[in-house]
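There are two complexes below, and they share chain A, which is joined by chain B in the first and by chain C in the second.
Then we have the complex of A and B:
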């Protein structure tokens, strides 16, 4: 009989550190369901109006379908936010992801401005916040909330620094690419099925309502 | 970039790979500590799909919902709605105390009362109703009841047949063809998406909202992306499903059947059918089918639907070439139309035509519901409610006092029914005589006519108990629902059981606060898309706050107070004991079942080709076989068919009267005859046939079809108050093709007025010329929408359901006695002040309520609401 998996997660080795934590987002699999973004908000109790993870709806420039683009902190190897922070509050975790030390953050928004992905926001307490790959989950052997929820396995979390890791292999096999590669930040979140037009379209997307383009969650 | 440029110019510290272990960081407050939190499995209530989930509980609070990887249907995955259960449970405006109305009904004035006072009052009224000899004057009407028979235990014990539902609002037009083709036990198909190569989808939207959607979406995407399966979708708008499909064709509403007929034509014309399967397992020869479908050429189908004939040819050949690894799917897009039943019968016919039924990768059927050893459930443990159970109710046969009290025209109609139908008749609310197919297989009712019938005096009401019921907001012509509920002469007493204060509870005389799905027990089993039956349990993760109580306790305590024998069916103190008894035959200890949340037999063969399975020797002992048809009956009474002889072997066949797939079914003809519809009307045709929507062929240039749809983050009208769902979708613009806008002189973002009209044909108030209603909304252009269609979601525009539901930072009445967020620990810093889309904050507000303008439009014979036949005019404001 299968063991109960949730009782296994705290056991030794369950949250073994990764060489380079990363994600692959396969846009061919994404159905725009928002399981990732709502899971993220619940997990981190993110205040209304702020988002660590978003799903953009993009209308195809030609054709009649909608495409979906989940966006989150890209955990860049060459992270502009890290360089921009004057107080040293942004640092790199042992597994390579970029984290914000809330004790050292002064809320001056330099990181917000520096990030080419609009992944950082100032939270209700005036401090910078963003996706941290759910460190408190990965440390005990759980996948980040978004990847754990994703019903179509469009978001996969793994070790891009380990050639034997299934996610690293997925990235290789499907030639995953960076979003906005021109930013030159070498993201640890990479995409399969990304097309050139999406970068521009993602600046506007299809908001549910046209009269609040400036405030709907997709553009915040 | 102003702020950043200075910082970028002088890097003040080095990148610190490996230097800063997270443990030294100050954790963000509110984070879940998984080393302390406890994982408890249960069953989701976010929608009707009911996935197995686990809830992480920390410090007595559910903090996170995750998939239960042991549950074989959802396989450890969840959707956006699952975590909404947390928002639902910890909603600051949640109902916590029983309430009694003090002002006019609907005036919103309440006083808090004790449970004893509330239950005594309700029980005393109910006892009077029960002792009056008219127990049917007690109505229990639910929007979503996942108690798997607990509530019917109460209504049966009471003696009322009027446990009403919302099946007609949902899926009855689709279920009738399924039940006609495959039999009662398969009211819901389970295509083998994991192994399929070709999916032809007529207007189903499993990627956003569909019973079983989460089970389907993951298997479809695996099949498409990993195994190269192709999915073709016919839809009126670019739904998420249409958008991820490999091929998407925009179709005219109500033309799905024409497309399917064109596909069937090509298959038959080119000899691509599986004649062996058809001749063995279909109840009608191919010749009459060939004859009928000769007229449905791809060119004809193109003219009806707008789908190019070339595409229909190609799809038909691709579908047939992939057989048996191919399947159809359909849902509201094809079925929620005047012609939906026949359209779905054409679609359903495509599967036996290519012989994919029950085959790997094909159109499969899997055992559902609580197991009782019925078809497909052989060898499974029985899951049946504890004894004693209340007796079945007596039907309203001619000659009984109940029957004699019916209006004369109803009596006459019912007297004309075949005897077997008369034995299923329980009055006009439970079994409306004009819609015999709404209750022929099982009780689907015609929910959208209930208030109309009450208004017209077709049924008398003393006590109306509404449970998770949102008709006052969500039903078509919801204004009629509100009108009837406001009229105390029609509904003398309305008690609402719910979690939140919504549009329906606002019209109650008494409100009882219920426990949420995270706080209560339920039994659960349903169809499995992995084709191996399983059962799961919903169990309480935490105690309800305030004085909220689970439904089982509410009904138990009412039964005890009503007495008169009812109490004997509710002889339990601890609800858990009742469910332990319910699950006693499952071969797993109760504690282990609670620990895992799920039981399944991993060695059980998958539900492929159930119809070819042999009838067990034990059942053949007293059986009788009909020489002509080969149908095997359980005994000489010939009442119950158990199988069919095929090539000298006794096999199960399908669970239909003929034990075959009933592509031919005279039930439609008989039903039409019984209600006075001419037998030459296509509605009555025993063979699948295409017929158009009455009036669609006469649309003028300024008339459009208004359709509605569901967003992936919302569940009908019951999620508007969930903060994270509402944050994503809180408006419902009117989507339209840019060309339609040009035609009307409308630009993207303009405000328009939409006016709706009555449908034509044999339906409710057909042909009346007065508009049904109108609403104003903003236009959003989207290519991919049919040029004759305008479409808007129907979830939003609430005027109750608290601050989030109303999209307002205007705090609800602070004196409202139904809740006390502070005392119950339900305060939420987000609510109301951070509702950034509220009008008070300069946002767009909460969308437009459109359901008053959608006409009541039950499909003839069946009663399923034809949601997508709404003719409208659109004008720029």
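Then we have the complex of A and C:
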């Protein structure tokens, strides 16, 4: 595989440390194209059947509308996975995002059980894996793969801790809210256009899996 | 991690599966057996002290079996040493891993040491550093009986696990498992007719009822799964009927070591109690994970 010439891509000033790395997903713009989940799988070579980023198709309870809900690690400020991990393999970066040190992970699934968002999975090597906001991209000034691939600009990555950051202003202007706020984890991924019914519907939203070559549903 | 389809077209992700239930059961057996063994060694007559020593050996094997089950549950079993090499003090699993390791070593050592200092009847004598070791074993037993509840509570995504009542329920159940093992080892004469078993069952019943009552109405579907759904046979049949009522009924029919028929009854009582201990943990582990996982997991 050819190495990406990061030094040529890197823009001066880009990739500067963020106070609180975050993302806003505008569901009013999402068209359910799966560009985010596909680009994520490509970027991180995520195995068939596993997802760092998923898109749930949600059927409105009254009406024939289908809505889409991209889900990924919420990079919580109060992340339950951090405390659950016995080996300390899950740690928080300076910009607030949460990452898994694969050299420490023992694959005991405590983090999987602890995550309210089903954002962590066990990969083919038996280790925990999840979205890391594409650290390798953001540290050289690029957007995460999902944000870069989104054709409608529904996914925006920025600094939620900087009031002057366009993404922080977008969050403020559109009153973005958290998914499953009852979990109390203070997520750094927030949504615009998230409606109450979506949280429940997301528990049964369709997700394609390769485990048994069928369309299956997840419930939890 | 298992992805299992069941009667509904649902996929059920079960981070904590059958090996965890097996671990929790054997950890309970180890903790309860060791706790009562310590009691017998400190307070018992010569026959009971011998039974207490045997109980420590049983506890050693039980925690070893439980530990093996934990290792097998890892998606990458070869990495099990990481849990001991790296330490996250915020994780109850990290503390538990160390506790069961020390517990296993200490029970094995104490069993061995007790065999080297016996009285004329061949019963072990508790002196020297052994009283200290036994107190440590008792403390570790209580911790091992309790800490799974804290591990489950750390999974904040699972509302059925976030209950302070799980800790006393699991500890009482562990002591009940210890009574069962000592029934098998004929070391439970002290408690025959003492009301200990009735007390343990009554307390567990009270805690279980309180636990079911305090489940938030928002999780009514999960509660229904326990009470009347797929887990109901395990709860009412396994825990309540086989684990609690059958042993109590059998205890009214005869003793623990009063001849062959008594031994047979005691064995049946013990087996029934241990089935109840297993069923309780299966109900809690699978019920807490929300979907109709138990059926799928045991298929």
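Note that in this section the second predicted complex is superposed on the first by the 194 of 220 C-alpha atoms of A that agree within 3 Å, B and C clash if a C-alpha of one lies under 4 Å from a C-alpha of the other, contacts with A are read in each partner's own complex, and residues count from 1 in each chain.
Here is the rule we go by: a residue touches a chain if its C-beta (ideal position, glycine included) is under 8 Å from a C-beta of that chain, and two chains touch if they have at least 3 such contacts.
Every value quoted in this text rests on a predicted model; they were computed, and no experiment measured them.
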| item | value |
| --- | --- |
| First (chain B), second (chain C), both or neither touched by A:150 | first |
| Partner chain(s) touched by A:121 [first = chain B, second = chain C, both, neither] | second |
| Chain C versus chain B, contacts on chain A by residue | B |
| Touching partner for A:80 - first (chain B), second (chain C), both, neither | both |
| Chain B versus chain C as contact partner of A:142, first or second or both or neither | first |
| Touched partner set for A:88, first chain B, second chain C, both or neither | both |
| First (chain B), second (chain C), both or neither touched by A:64 | first |
| Partner chain(s) touched by A:107 [first = chain B, second = chain C, both, neither] | second |
| Contacts of A:162 with chain B and chain C, given as first, second, both or neither | neither |
| Footprint overlap on chain A, comparing chain B with chain C | 80, 82-86, 88, 108-110, 112-114, 209, 211-212, 216-217 |
| Touching residues (chain side chain A, partner chain C) in the complex | 80, 82-89, 104-110, 112-118, 121-122, 125-127, 183-185, 207, 209, 211-212, 214, 216-220 |
| Contact footprint of chain A on chain B as seen in their complex | 1-4, 6-8, 11-13, 15-22, 24-28, 30-35, 39, 54, 63-67, 69-70, 74, 76-84, 86-87, 207-208, 214, 217-218, 221-222, 224-225, 238, 240-245, 248, 250, 595-596, 602, 712-713, 723-725, 727-733, 748-749, 778-780, 782-784, 829-830, 834-837, 842-844, 847 |
| Touching residues (chain side chain A, partner chain B) in the complex | 1-2, 4-7, 9-10, 26, 28-35, 37-39, 41-45, 47-49, 59, 63-68, 79-80, 82-86, 88, 91-94, 96, 99, 101-103, 108-114, 124, 129, 132, 135-137, 139-140, 142, 145, 148-154, 206, 208-212, 215-217 |
| Chain A partner contacts - residues on chain C that touch it in the complex | 1, 3, 5, 8-13, 15-16, 70, 73-76, 79-80, 82-83, 85-88, 90-91, 93-94, 97, 151, 154-158, 289-291 |
